[in-house]
Each structure stands twice: as C-alpha cells, then as structure tokens.
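Both complexes shown next keep chain A, but they swap its partner, so chain B is in the first and chain C is in the second.
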Partner chain A sequence: MAIKKFMFVNRKAPYGSVYALESLEVVLISAAFDQDVSLAFLDDGVYQITKNQDTTGIGQKNFSAAYKALGDYEINKLYVEKESLEERGLTIADLMPLMWEDEDDDYQEKSSIYLVNRAEMADIMATQEVVISF
Partner chain B sequence: MSLPLGAFWMKYTLMINEGPYQRQSSDTALHFARAVLAKGHEVIRVFFYHDGVNNGTRLSVPPRDDRQIQQAWSDLAKAHSLDLVICIAAAQRRGITDAKEAKRQGLDTDNLLEGFRISGLGQLIEGSVEADRTLVFGG
Partner chain C sequence: MALEVNGVAVELDEEGYLMELEDWTPEVAKTFAAEDDIELSEEHWDIINFLREYYEEYQIAPAVRVLTKAVGKRLGKEKGNSKYLYSLFPFGPGKQACKYAGLPKPTGCV
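Entry: the complex of A and B
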C-alpha cells in the first residue's frame, strides 16, 4: 500500500462525547498500516492530552495513558494549537509529556509535541494528503 | 455517464460520522455521492463510523412522508455497486450487527441492511490511500 500523509484533527474534549476515544482507534490503525501520521489538537481537543485526568466521577475509562504509547507506534508529530491553549488558560506545562525514542540518535527521548500558532497549523494542514477531523 | 473531453474524474472515499435524522450529515453525504456519481466520478468506499453506523440498520421505520435515509444508501449502493462499510468496533458498541456476528456473539437477531458490510478501520485507511479525495461528513 502506498504511504500518504494523514492528519487526524482532534477538536473535542476527551470526555462528554466518544469522538476522542474513537479517534485514537483510527490513529492506531493508521500506524499499523505504516502511514505518515500527524495529529492536530485544537479547540477543546487540547484537553485530550492534559495531565492528571481523573474519570472516577463519571464512570468512564481514563484512556489518556494511550497517548503516551503513540511514540512507540512512530506517531511523533503532535501539533498543538497555541491559541487554543491560551483561550482555555492552559500552557504547555499542563500537557502530558509525550515522548518518542529516536533510534537514529542513540535512542534519545524527544518530545512529540510541537506548539504551533493558528497560521502555522493551517500551513501544516495544507501539506497533508488526507485530513480526517473528529 | 461519460465526461466531456478534457474533463478529469476523481476517486472519492466518504466517511460518515453521524447517524441518520438527528443531524443532516448523512443526507448531505448522500447528496454529495449522488452528485459526484452523476458527474462520472467514482466513489470507491463509504465508511460509516461513530454514530454513522446507525445508517446501516434495516429496522428503522420513519414516517411515510419522511425520507428513508438508510434505504437511500442501500438503493444507491445497489445502483452504483458502492462499497458501504460499517466499522465493526463502532457497530458493536451501538448494536449494529450482521448475521455472522450476531451468531458469534450469541445475539437473537441481526439488523444490517442489504448493501452494507461490516469490517475494520483498516478499510477507512485503505480507502483514503486509494482515493484522490477523502471527505468527512459530520462530527
């Protein structure tokens, strides 16, 4: 199968609807098909990768740990929109550290998170071949 | 239907993420599919995800003066040999099942409408790789 540049755009909070959870399922399958995968987090989607998520009060599974496994699937381009963080009073320090190991650089741990502004996000989207939004 | 000389045609994969009736997404996707097919383009796959899997039930009984969205997909598939794929993981959560899966899960009935088939998310990725354009409806 050919390889295409896929971007999955995450716009919704992790809980309150099923979009974030079922988006992750698509992302993991796309990695299994060896595609060139990027993720975008904007609007309430930035809450998907915030630290210290606790779902005990809502009776749902806390699936936030799954984002930490993305690096192991070579999904290491996570673009987070700066304005979306700011509008919600968040900074990059509120996000989980999401890392990947660079096997071409002595397995150094590197961050998968790229903070980009709205205009940069638009440019990155424009370079994709398949954009699927959730 | 043939295209005028010099025109180009495209292969489309459509992703439907909302169920019928609650939102307009499935209607819009139907209109889009009919329009591109009428122009001579190809729809290589329609993939139903999230609540979109509810477009594949054969147990829907809308009022007679309303449109029949599920049946419209089924009819369009029959007329154009469309590949309508329901995501199995999303379908299992929402109670959409074919005869084979119903038997495997010990359920007393199945409800998949003719023209649809149940398969995995790989079908969405494959369809998006093969298509010139992937369009997402709803969400």
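Entry: the complex of A and C
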C-alpha cells in the first residue's frame, strides 16, 4: 500500500461533542495502516491537549491521557496553531508534554508538538494528500 | 452477557469484554482463561499486568504493534515479538489478553 500523507484537523473542544474522541479513535486506527499521519490543533481544538483536564463535573471519561500514547503509535507530528493558543490566553506551557522516543537516536525522548503560525499551518495543510476535519 | 466468578455474576458487553473495569479481579482473568482451556502462568500475568498498567496510564488498550514493542522494552527483547505473545494468547494478544485484563477491546481491532 502506498504511503500517503494524512492530516487530521481538530477544531473542537474535547468535551461537549463527540468530535475530539472520534478523531482520536480514527487517528489510532490509522496508525495500523503505516501511513504518514499528522495532527493539527486549531481553534477550540487546542483545548484537547491542555494539561490538567478534569471531567468530574460533567460525568464524562477524561481521555486526555490517551494523547500521550500517540508517540507509541509513531504519531509524532502534532501541529498546534499559535494564534489559536493566543486567542484563548494559552501558551505552550498549558499543553501536555507529548513526547515520542526516537529509536534511531538512542531512544531519546523528543517533543511531538510543533508550534506553527497560521500561515505555516496553511502551508503544511497544502502538502497533505488527505485532510480529514473533525 | 455475564461471567460467573466464584458465584458472582460479572457483566460483559456483547463481545464478551468486561462492562466495568472496576469489576476486575485476578479471579476474573482466571475464569476467562479457564473458558479458553488456558491455565495462567507467570508469563501470562506479566502481560496482563502490563496491559492493566498501560490502561491505567493512557486510558486506552494498546494496539498489538504497540503492545509488542512495549513488552520488548519492558520485559526483554526476546518477549517483544508476536510469536511469543501468540504462544501465550493464541486467540490474539490484543483481543485475548485485553479481555483477561478486564480492558475494553483494543481500538482498531476488528
């Protein structure tokens, strides 16, 4: 099977709708097909990977820990839009540290998160073969 | 569906996985294994315990490929391959081991 560049675009807050969880499930499934997978987080989607999520008040499962497993699935290109963070008063320090281990570099832990501005995000999207929006 | 463990019924989903993670005890794993005519060895428990820890940390059941790699890292290279895992869990390490461990069916498993 030819390898294609897939990007999953996440624009919605993690709870209140099923988009974020559905996206995560599709992303994890896609990893089984050995494709070149990247994720984009913009608009309220940036909240999906914020630290210290607490769902006790809404009675839903907190699935944020699952993003930390993405590195194990060799999904290590997570593009976060700088403007979306700024518009919400967030910085990269408010995001979970999402890491992957580089087997070719003595299993060094490296960050999967790339902070990009709106123009850079548009360029990255333009290089994709498949873009799936959630 | 339900599984009877020491006279107590434990609720299962339509595919035979535990409905509630909290219902799990080692006895549940043994009962599942007995249904498959398997007696759990220390090697089985290594994988079951690993899966429970993985779920505790990441809130997902790992895909087989991820499990294989992680087992190799944690329990030694000679165990980090599907041949070894299939020798312990002939019905598929993802499905069968996750079931014994009380986890839901792994995401992406059909």
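In this text, the second predicted complex is superposed on the first by the 134 of 134 C-alpha atoms of A that agree within 3 Å, B and C clash if a C-alpha of one lies under 4 Å from a C-alpha of the other, contacts with A are read in each partner's own complex, and residues count from 1 in each chain.
Going forward, contacts are C-beta pairs under 8 Å (C-beta built on N, C-alpha and C of every residue); 3 or more make two chains touch, one makes a residue touch a chain.
All figures in this text were calculated on a predicted structure; none of them were measured in a lab.
After superposition onto chain A, the partners chain B and chain C occupy separate space and fit alongside each other.
If you count the residues of chain A touched by chain B and by chain C, you find the higher number for B. Judged by the touch definition given at the top, the superposed model places A:29 against both chain B and chain C.
Here the apex is the CA centre of chain A, and the angle it makes with the centres of chain B and chain C after alignment on chain A is 80°, in steps of 10. With both structures placed on the common chain, the touch criterion links A:73 to chain C but leaves chain B unconnected.
Shared-chain residue A:122: touches no atom of chain B or chain C. Shared-chain residue A:132: touches chain B; no touch with chain C. In the superposition on chain A, A:4 makes contact with chain B only, not with chain C. Legend: residue contacts after superposition of the two complexes on their common chain; A:92 is shown touching neither chain B nor chain C. Applying the stated contact rule after C-alpha superposition, one finds that A:18 touches chain B and leaves chain C untouched.
Superposed on chain A, the gap between chain B and chain C at their nearest CA atoms measures out to 5 angstrom in whole units. Touching of chain A by both chain B and chain C, each in its own complex, is seen for residues 25, 29, 32. Across the complex, chain A is touched by residues 57-60, 62-63, 65-66, 69-70, 107-108 of chain C. By the touch criterion given at the top, residues 25, 28-29, 31-32, 61-63, 65-66, 68-69, 72-73 of chain A touch chain C in their complex.
For chain A in complex with chain B, the touching residues are 1-4, 6, 18-19, 22, 25-26, 29-30, 32-33, 35, 130-134.
Listing the residues of chain B that touch chain A in their complex gives 15, 17, 49-50, 89-90, 93, 120-122, 124-126, 128-129, 134, 136, 139.
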